[in-house]
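Next come two complexes built around subunit A: one with subunit B, the other with subunit C.
Right after this comes the complex of A and B.
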């Protein structure tokens, strides 16, 4: 009797999650893929146009401009986040005083929503009322139009993105560091290895699994950034901080071109998938660190 | 001696650097306590001349700020309850039963970690509309509840519970649901606590999903309300800064009381690949 129940039970247990998951993730993913091959303004029914949206996409100068902007943003945010979170983790993994306090401080922004963070930086960076320009003034420097100049706006959006989540990845690295046995360092110390050599030959190789997770997750996170930019710069000035996700949102919900927006979503998915594969490949190339 | 100087230098650098992380939040708080004249005065005052809570009072009395706050609480609490229930059930099935489809379902859950909402927001919107969940709070509670991260965390934790515990309960004639609710759940308290905290924080801070799903102002969550506030041409900074602080408070409280679970939770999710 209980054998039979044991057979059927797992399906019942997994069912609620699976149903919601299928309706709201699996089905939309497939449906979105289909929509990318149609012309659709939501009001009428979708009309199949084959690769039409993709051709339009590839021929659009706007799309290429947005894509390259997005890549500049992502490839700025990810390495800075990666390096900074690793350095902070290495410093705060050592037996220093008040390390719990410092960890908490660097983790603090991770608790806040991107909306709250975007609004906060917009207030700090205001041209005529922002505290940062006041500090520049005190230092005898000219004020900067932080968010109304396209170069500085891009830099500040990158800065705020790193600021927002570097603490999360720092905690991940700390967890990774705690998995490295202390005897390795003791042995290296006896052999007279310098701190840099220890980092180069022990810490960095043994952190490889954590590094991979950090790079993959921070890349996905950077590609999907939406809220922070919406409140900090609204994609401006002009469209200098408008990235792929902002453009998808605009095409879908403001222009109403669901097919075109879906084609861009498919592109975003392909880029993410491709980058993840590359990241895994690069990380595996050096062989297993434990071997 | 040389070491001591080096140490002091390191601490100074660390301290200065940590200021970058904490001062902005403090500055927002200080600004929110200033009057509407003082807030734009130049040179800016560092500390408020007269501490006033009028911005908070205005923010709460104007518009529907109390409604937004209630909506946010309702969404975060309901979504967290639902997440805990269905994720722990699914995680249990995947961890402790060897059934046909186990591997496939697990793979499916994990694979979609790669599909952020940003990629499927267009079709999601259409699905929600057809189900009558557009502009409904349930439309932002139900879909994200089946989070793959949650299922993964729970599953990894529950695989460490020995099978003998379950088998002996089965021999004693306990029903499967009883085993789950009376034995498995109490044993999984650490991971469930971590998931509760994370889920609450995720849902409280959620923006894109509510932004796409909610159209009626009376349904807005705090995050959507703040974002729309900024969208207007002249930003009412006084109310906005007060709102911003209020939106921080619940998550900061959670952080204060459950700090150690964050480290644990991130460490656990860091092992996911």
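Right after this comes the complex of A and C.
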């Protein structure tokens, strides 16, 4: 009896979480997968159409344009976030003045919702009501069309996305840095290694597990970025900041084509899955840095 | 003694239990509603009056922002819990979920409502909603700025023979910017529906009146896009609206623009929020012809609702002449009922007359195009994208209307299949 209880207890402990996870994640995901093979406008019953939505997706020039825009956005946001958060972590891990204050300042945006961040940046960058253009005007400079020019709008969206999350990853890197034994640096200094050599041969390799988590999480976050862009540019000007998740929302709730939107979601899932596998493979190739 | 007490308690419990079904029998109507202005408050008054006559009916008002309206209704329907009533602007978009009113109210009832609303509510021979109010696109202007610039704005019937042409209108807007504190001439709603006013004024349309042909790819369609692009190129319309999503209401209210291209639904908002300048409604310029665009708000029941009978009864009450007059007068709306064409508004009667006159001269396509909900909802965003790309000079106006035509044809093919 006791042995049986001991066996069943862990499962009972995870059961509540499993139920919630199944209701809100697993079942909707499976249902979404099923819907991707149907034509469904929500109001009537789904009609099975096989691979129809996927064929339409691959034949759509719009989908490929949106996908390439999304990849540009993701492959801009992820390296910048990664590099910047690592640099900030290294600086703020040293014994500098007001270290706690700066850590708090950089971490602060991560406590705000993406909607609040989007609204704030919209008010800063707006053409006519924006604070930045007001300041430029006071300085006697011409206003800049921050959000009404495709190029500047894309840059600003990337900038705001990085700003929103760099503090979060900075904290992860700081934790990683604090886990590196100081004796490695002492030994390196005795051997005459420069600061750059110490970073290259000690810090960077030993941060590999943290780096992998940062890259995977920031990639997933970038692909899924919705609220910030929705309120900051509403995907514009035109569709220049419309990425995959914005288009999924558009197709599902504006056009009412749930099947097509679900097919796009499945594609997004496959892309994310593939990238994550690649990231793990690449990361494992070098072996464990401590070995 | 104890026995008596026991009997009394038992009796009281039984009476209490018998009373429960009495309360439970009260019908509660879930009513999905959105407000542009004060009409939500007016509805509450009307419901209070209705409840006095029908104490067995109660209402659960589910108020949602207009942008979320269809999503909310679709989610409720998909979840197997449809509302009993909803205020909608596109009954056709929800047609498969709506209650057919042919038997309970009868199609003859539609004779009481202006003809332009009929295509909106009649889908495949079924009457799916009741028109409540109609909307008209039009222009609202800052009187102080135009006076300062010495420009006379056509806003009386006497001036109807001497309306601005498009070119004269654009020149007047440039002049008002030069001679007043306005930074821009015109705030133009970020909406293909509002843009289409220019299309109809140019003599074009999206579809033929019977929806059998796509007609947007025409010299008139091209001219409408071209003129709209020109208004942006000349910095008359700030590009921050169509390219940056800036709110045109805020631009006008804050005095940055001299005119706002919107519609009659903005009147209560501006009445309540503009204090530092005088404003009014003007007649729109004419292209080849004069035109506004008719729209409307409707109330519909749902076929899977548990309270269809009570919902139909309220629909009849709400759309009756007396109640409709109260609703439109107090909300400052144009009534969809023909016998409520003259109402006693507490504010801006002259402005309502301008909107009514604009609707009266609009071609039938300005109504029938937008009643073709099934197609319009699918191409709406792409129309906007093509106009935006024209403003950005990524494509020519000719290419824009060609794209719109191609898209509309493909979507209609999808609908027919």
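Annotations for the structure displayed:
We take it that the second predicted complex is superposed on the first by the 268 of 291 C-alpha atoms of A that agree within 3 Å, B and C clash if a C-alpha of one lies under 4 Å from a C-alpha of the other, contacts with A are read in each partner's own complex, and residues count from 1 in each chain.
Keep this in mind: a residue touches a chain if its C-beta (ideal position, glycine included) is under 8 Å from a C-beta of that chain, and two chains touch if they have at least 3 such contacts.
Quick caveat: nothing in here was measured; it's all calculated off a predicted structure.
When the two complexes are overlaid on their common chain A, residue A:256 makes contact with subunit C while staying clear of subunit B. Once chain A of one complex is fitted onto chain A of the other, the partner contacts of A:128 extend to both subunit B and subunit C.
By the touch criterion defined above, A:234 lies against subunit B and subunit C together after alignment on the C-alpha atoms of chain A. Of the two partners, subunit B and subunit C, it is B that touches more residues of subunit A. Once the two complexes are laid over each other on the shared chain, residue contacts for A:42 go to subunit B and to subunit C alike. Of the two partner chains, subunit C is the only one that A:145 touches; subunit B does not reach it.
When the two complexes are superposed on chain A, the residues of subunit A that touch both subunit B and subunit C are 42, 128-129, 234, 253. Subunit A meets subunit C in the complex at residues 41-44, 126-129, 145, 147-150, 153, 233-234, 236-239, 250, 253-256. Touching subunit B in their complex are the following residues of subunit A: 2, 5-7, 9-14, 16-18, 20-21, 23-29, 31-32, 35, 42, 91, 96-97, 102, 104-109, 111-116, 118-124, 128-129, 131, 134, 137, 163, 167-168, 171-172, 174-176, 209-210, 212-213, 216, 220, 223-224, 226-227, 230-231, 234, 245, 248-249, 252-253, 258, 261-262, 265, 268-269, 272-273, 276.
Touching subunit A in their complex are the following residues of subunit C: 70-71, 74-75, 77-78, 93-94, 96-97, 183, 238-240, 242-246, 250-251, 254, 256, 377-378, 380-381, 385, 388-389, 392, 394.
The residues of subunit B lying in touch with subunit A in their complex are 10-11, 14, 18, 20-22, 24-25, 27-28, 31, 39-40, 42-44, 85-87, 89-90, 92-94, 97, 99, 101-102, 105, 108-109, 112, 114-127, 131, 142-146, 148, 151, 170, 173, 175-176, 180, 201, 204-208, 211-212, 223, 226-227, 230-231, 237, 240-241, 244, 247-248, 251-252, 254-255, 259, 262-263, 266-267, 270, 272-273.
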